[in-house]
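Here chain A shows up in two complexes: once beside chain B, once beside chain C.
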Partner chain A sequence: MKSKLKDFPVNHYIDIALLIFLIFFPLFVKTFRVEMMSRYLCFAIFALSLDLLWGYTGLLSLGHAVLFGMGGYMIGICYQIQNGLPAFMTREGLTQIPWFYIPLKNPIAAAAIGILIPALFAMLLGFFMFSSKIKGVFFTIITLALAQIFSEFIINVQKYTNGFNGLQGVKRFAINGGEQLGKVQYYYIVLAIAVLVFIFCLWLSRSRIGKIATSIRENEARLGFFGYQSSHYKILIYTISGALAGLAGVLYTPATSSITTQDIGVAASTAVVVWIAVGGRGNLTGAVFGALFINWAQSLLSEHFSSYWQLILGGVLLAIIFFIPNGIIGQIIELQRRRTVEGVKIKEQSNANKGAGLWRQIFSR
Partner chain B sequence: METNLLEIKKLNVSFSGFHAVSDVDLNVKEGEIHVVIGPNGAGKSTLMDLLTGQTKPTSGQVLFEGNNITGKEPGIIASKYHIGRKFQGPNVFDNMTVYENVEIALKGYTTILKALTYKRTKDKKDKIKEILEAIQLFDKKDMMASELSHGQRQWLEIGMVMAQSPKLIILDEPVAGMTDVETYKTGEMVKQLAGEHTMIVIEHDMEFVEQIAQTVTVLHQGKVLAEGTFEEIKNNPKVIQVYLQDENGEGY
Partner chain C sequence: MLTFISQIINGLNQSAVLLIATLGLLIIFGLMNVINMAHGEMIMVGAFVTYIATSILNIPFLIALVLSFVVTALFGALTEVTIIKKLYSKPTETILATYALSIILKEIARIIWPLSQNVNMPFPGTISLGGVIVPRYNIFVVIMAILLLTFTIIFFRFTKFGKKIGAITQNRQMTECLGIKTSTIDTLTFAYGAGLAGIAGCILAPTTGVSYDMGSTYLTDSFMTVVVGGVQSLIGAAFSSTIIGEGRTVLAGVSNDTWAKIMIFLAVIILIRFKPEGLFAKERR
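Entry: the complex of A and B
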């Protein structure tokens, strides 16, 4: 029993500890902190979606906030059109709500669309990129360009998106003009969804599909010679990742009550990459931990050292990436694994010595 | 008479005028270990690339169990015709465990729908265990492939090819970089496999070739120079001449 506890992966201890902490968190802090944590939990879901793509499948996207933003904007628009034509549309000369916005009027439908559209977009993009064998850094460059194009696009179609100003006054899922959810209530909903997403990602990463995705990261050519069509799997993972990023956006917008082009561009896309790099990629815990850790560090540092907090954070991030390239959680997992492997190695070495003796006796020259 | 599993007829390939393989005829009988030897640049690996679809031939035919597989895609040749190949130098999934490496290679779960239905049932576990024991890596099943020694990584890849349950196994220099003891062990592994599988082995190490070979084909400058048992090849004057010249670095 004792050894079983020791063998239990260390990151799952961290998962459970984190979950307990998050469940009791609202009991001990002011409501505005709870509101912040709901926002960061959305970022954690967002980070999980990228971890599937980058950490497991080895495809680094520098434009993942595009998919996040697609989800977020759907909910944003939903609450703009609740009471007829919003002011920014009138100002731009629209006389009625554009037909393609009408399905978004129901928040639940808008949420579903906010998951579906980024998923379909990722599927389509994945289809074109992976079928034409675009891989490695080229994928990264294309997604980076995409992030820039998308935020420019949102700014330029001001008529429909309120451009640079973004969308404000988003309610926490008030349905049919009813009351919106309380801040703490909404926090627990986001937490529950985050837990479900985490369990789903855990299941996926341990399933055969997850293992195949990892093999793509490790040695895509070899996988091809086993008869796998790796592009199919890459499209699948990208689609799932897109849906989860969209979901994160759908939950995020009501949590902050606004979404702007700041949340969807290159800067937002690189931020999530940094969270995962610091937490550790390819183990899910690292993505969640990284997202929560860095965002809290950011806001606490900015409260206490308002003039030079970015310098401190930047220094810490550089140090982490330089000294522990596996990321914080990645390093902890590695330490546990190395300990067990070393145990096996020592045992085996004594066996090997015996074996070598035997071989020498039989095949002495 | 034993049947031919693989027949190569008048196979040619040239890369911008250079004939890497010219007019090669080769028959591999069911269940045999067929070793292909030859000096560097003789076209051995190119010939294997032609069999597994990495390279398309300029002319000629490859028949596998009577089916024409000439110029088919590597994935198709692997999954539909069940030809497995161990590449030159260990070619494994480094940051995955030994167990996962073998499991990924298991035959029949390559499409998404099939992968979804995959379950680690008892017979699959038994099969993986059997393979891991055959390649002597069972007690290292939870180690990362990157933590194995060079020789063990070579064995792991042989195990992965076994997991494909191929009808034909191609081993490209399986003992390159191995110690004598490892080379001998590999030879015994290969011989054990020979019962159920047909094998083509490319190798330089003559002791190893002697240990395993039933038929030997010598390639030289893209052509078949000689074919026969190891004894016949060893005493063939043409082969001796080629190898001596090669070693003296004179060439033609």
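Entry: the complex of A and C
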């Protein structure tokens, strides 16, 4: 029994501890902290979506916040058009709600569209980029360009998106003009969805698709020799990742009650990469832990260092790459693995030749 | 018709700027296979060197041009030795490390100079080309672009150093066996690429002003130029920067800047689908 407990992966202990902590979290803190935590949980979902793409499949996207923002803007627009024409549209000379916004009027429909559109967008982009045999590097660069262009685009079509000011006054899923959800209530909904997303990602990463994704990361050419069409799997993973990023955006906008171009551009895309790098890529715990840890650190430290935060983030990223390239959780998993492997080795050795065992043990360290 | 011609001439200027910004990246990315996300910030370093030299120390512009090359090249060498050298053969880590470097540089610049600074126009005045009025400086930029391209081609085709770099690109281990110090060559190549980025910054400084975020757009623009032109082709870079620069200026004349960028971006993605190796690729290995 004892050895079985030891073999249980250490990251799942962390998962369970984190879950218990998050369940009881609202009981001990003020409501505004709960509100912050529900925002960070949305970031955790966002980080999970990128971890599928980057950590498992090896495709680094520097424009993932675009997909996040697409989801967020759908819900944002939904609550702008609840009471007729919003002020920013009248100011720009629109006389009625544009036809393509009408399906967004129902929040549930808007949420569904907010998941669907990023997924379709990712699929289309993936089709163009992965069908030809470009290197992963180009994917990174194209997505970076995408992030720059997308926030410029949102600012440019001010008529429809309120440009640089973003969308404010988003309700926490008030349906049919009813009351919006309470902050704590909304927190538990977000937490429940986050847990579901986590379990889904866990299932996906252990399924055949996940294993193929990992093989794409490790050796794409060899996968091709086995007769797999790696581009199909890349498009599939990117689509799933896009849907999850959209879901994170859909949940995030009501949590902060606003979305602006700050949330969708290059800086936001960089941030999520840093979370995963710090937490550890290629394992789901790392993504969640990184997102929660960095955001809490940011909110607690930014009272003192708000203007230096980006600088600190850059420094942390550089330090992580050089000293713990696996990330914090990745390093913990690695340590446990090494310990168990060494333990097995030592046991075998001491059984084989008991006399010289002690010296062997010392030298093998 | 006249506005169209003036747009074409403006586009030529943009293409020249793009080409200068791309050359450095082409060397670092195409020849050394290093993805330098801090390329934009190296342009920024060059621009700030120019600002300090001309506006604070009152040094003539042409000397500032040389200075910006030297300082940025030294900075590039330092980067190569401290960061890049430890991460060869780890592309993801290189991307992240240089990206971190770019954030750090940008933030340091922002803390020192939060506002955009101006650099005096070194060649003021305009001349008339067949009815179209062109600033003298724009002509200087185009001439500089052509000179730098020619110089770089000569450098890589006909000098011993350039041939060594070519040899390393083709077969690193074999080159090492022949007694060439690949590690030193790497540092120098990276420094040269960075220095070219510095020159780009210097040339940009009088027209766009010098600010901490000036490099970000040039990073993606020059990467796109490399993608369109083909990763190892200098001539390709010249053609693709002309296509992108002209295309963007003409499209911006029809609609606006953002839509022009979106159009070019879509065109690049479609191009990648059908010609992933770029328009002017050498044979694939």
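By our rule, the second predicted complex is superposed on the first by the 324 of 365 C-alpha atoms of A that agree within 3 Å, B and C clash if a C-alpha of one lies under 4 Å from a C-alpha of the other, contacts with A are read in each partner's own complex, and residues count from 1 in each chain.
The rule is short, and it goes like this: a residue touches a chain if its C-beta (ideal position, glycine included) is under 8 Å from a C-beta of that chain, and two chains touch if they have at least 3 such contacts.
If you're wondering where the values come from, they're calculated on a predicted model, not measured in any experiment.
Enquirer: Which of the two partners, first being chain B and second being chain C, lies in contact with A:L236: first, second, both, or neither?
Expert: First partner only, chain B.
Enquirer: One more residue to check, A:I20. First (chain B), second (chain C), both or neither?
Expert: A:I20: touches no partner chain.
Enquirer: Name the contact category of A:L144: first (chain B only), second (chain C only), both, or neither.
Expert: So A:L144 only meets chain C here.
Enquirer: If you tally the residues of chain A touched by each partner, is the higher count for chain B or for chain C?
Expert: The partner making contact with more of chain A's residues is C.
Enquirer: Answer with first, second, both or neither: which of chain B and chain C does A:L60 touch in the superposed model?
Expert: second
Enquirer: So, does A:P325 touch the first partner chain B, the second partner chain C, both, or neither?
Expert: After superposition on chain A, A:P325 lies in contact with chain C alone.
Enquirer: Is A:G227 touching anything from chain B or chain C once the two structures are fitted on A? First, second, both or neither.
Expert: It touches chain B, and chain C stays clear.
Enquirer: Enumerate the residues of chain A that count as touching chain B in its complex and touching chain C in the other.
Expert: Touching chain B in the first complex and chain C in the second, no residue of chain A appears in both lists.
Enquirer: Write out the stretch or stretches of chain A touching chain B in their complex.
Expert: 207-209, 211-212, 214-215, 217-219, 221-229, 232-233, 236, 340-341, 344, 348, 356, 359, 363
Enquirer: Please output the residues of chain B touching chain A within their complex, sorted ascending.
Expert: Contacts found on chain B: 52, 74-76, 78-80, 85, 87, 91-96, 100, 103-105, 109-112, 115-116, 118, 139-140, 142-144, 147, 160, 164, 181, 184.
Enquirer: Quick one: which bits of chain C touch chain A in the complex? Just the residue numbers, please.
Expert: 35, 83, 86-87, 91-93, 95-97, 99-104, 106-108, 111, 216-217, 219-220, 223-224, 227, 256, 258-259, 261-262, 265, 268-270, 272-276
Enquirer: Would you mind writing out the residues of chain A in touch with chain C in their complex?
Expert: Contact set of chain A toward chain C: 58, 60, 62, 125, 127-129, 131-134, 136-138, 140-142, 144-146, 148-149, 152-153, 155-156, 266, 270, 273, 277, 307-308, 310-311, 313-315, 317-318, 321-322, 325.
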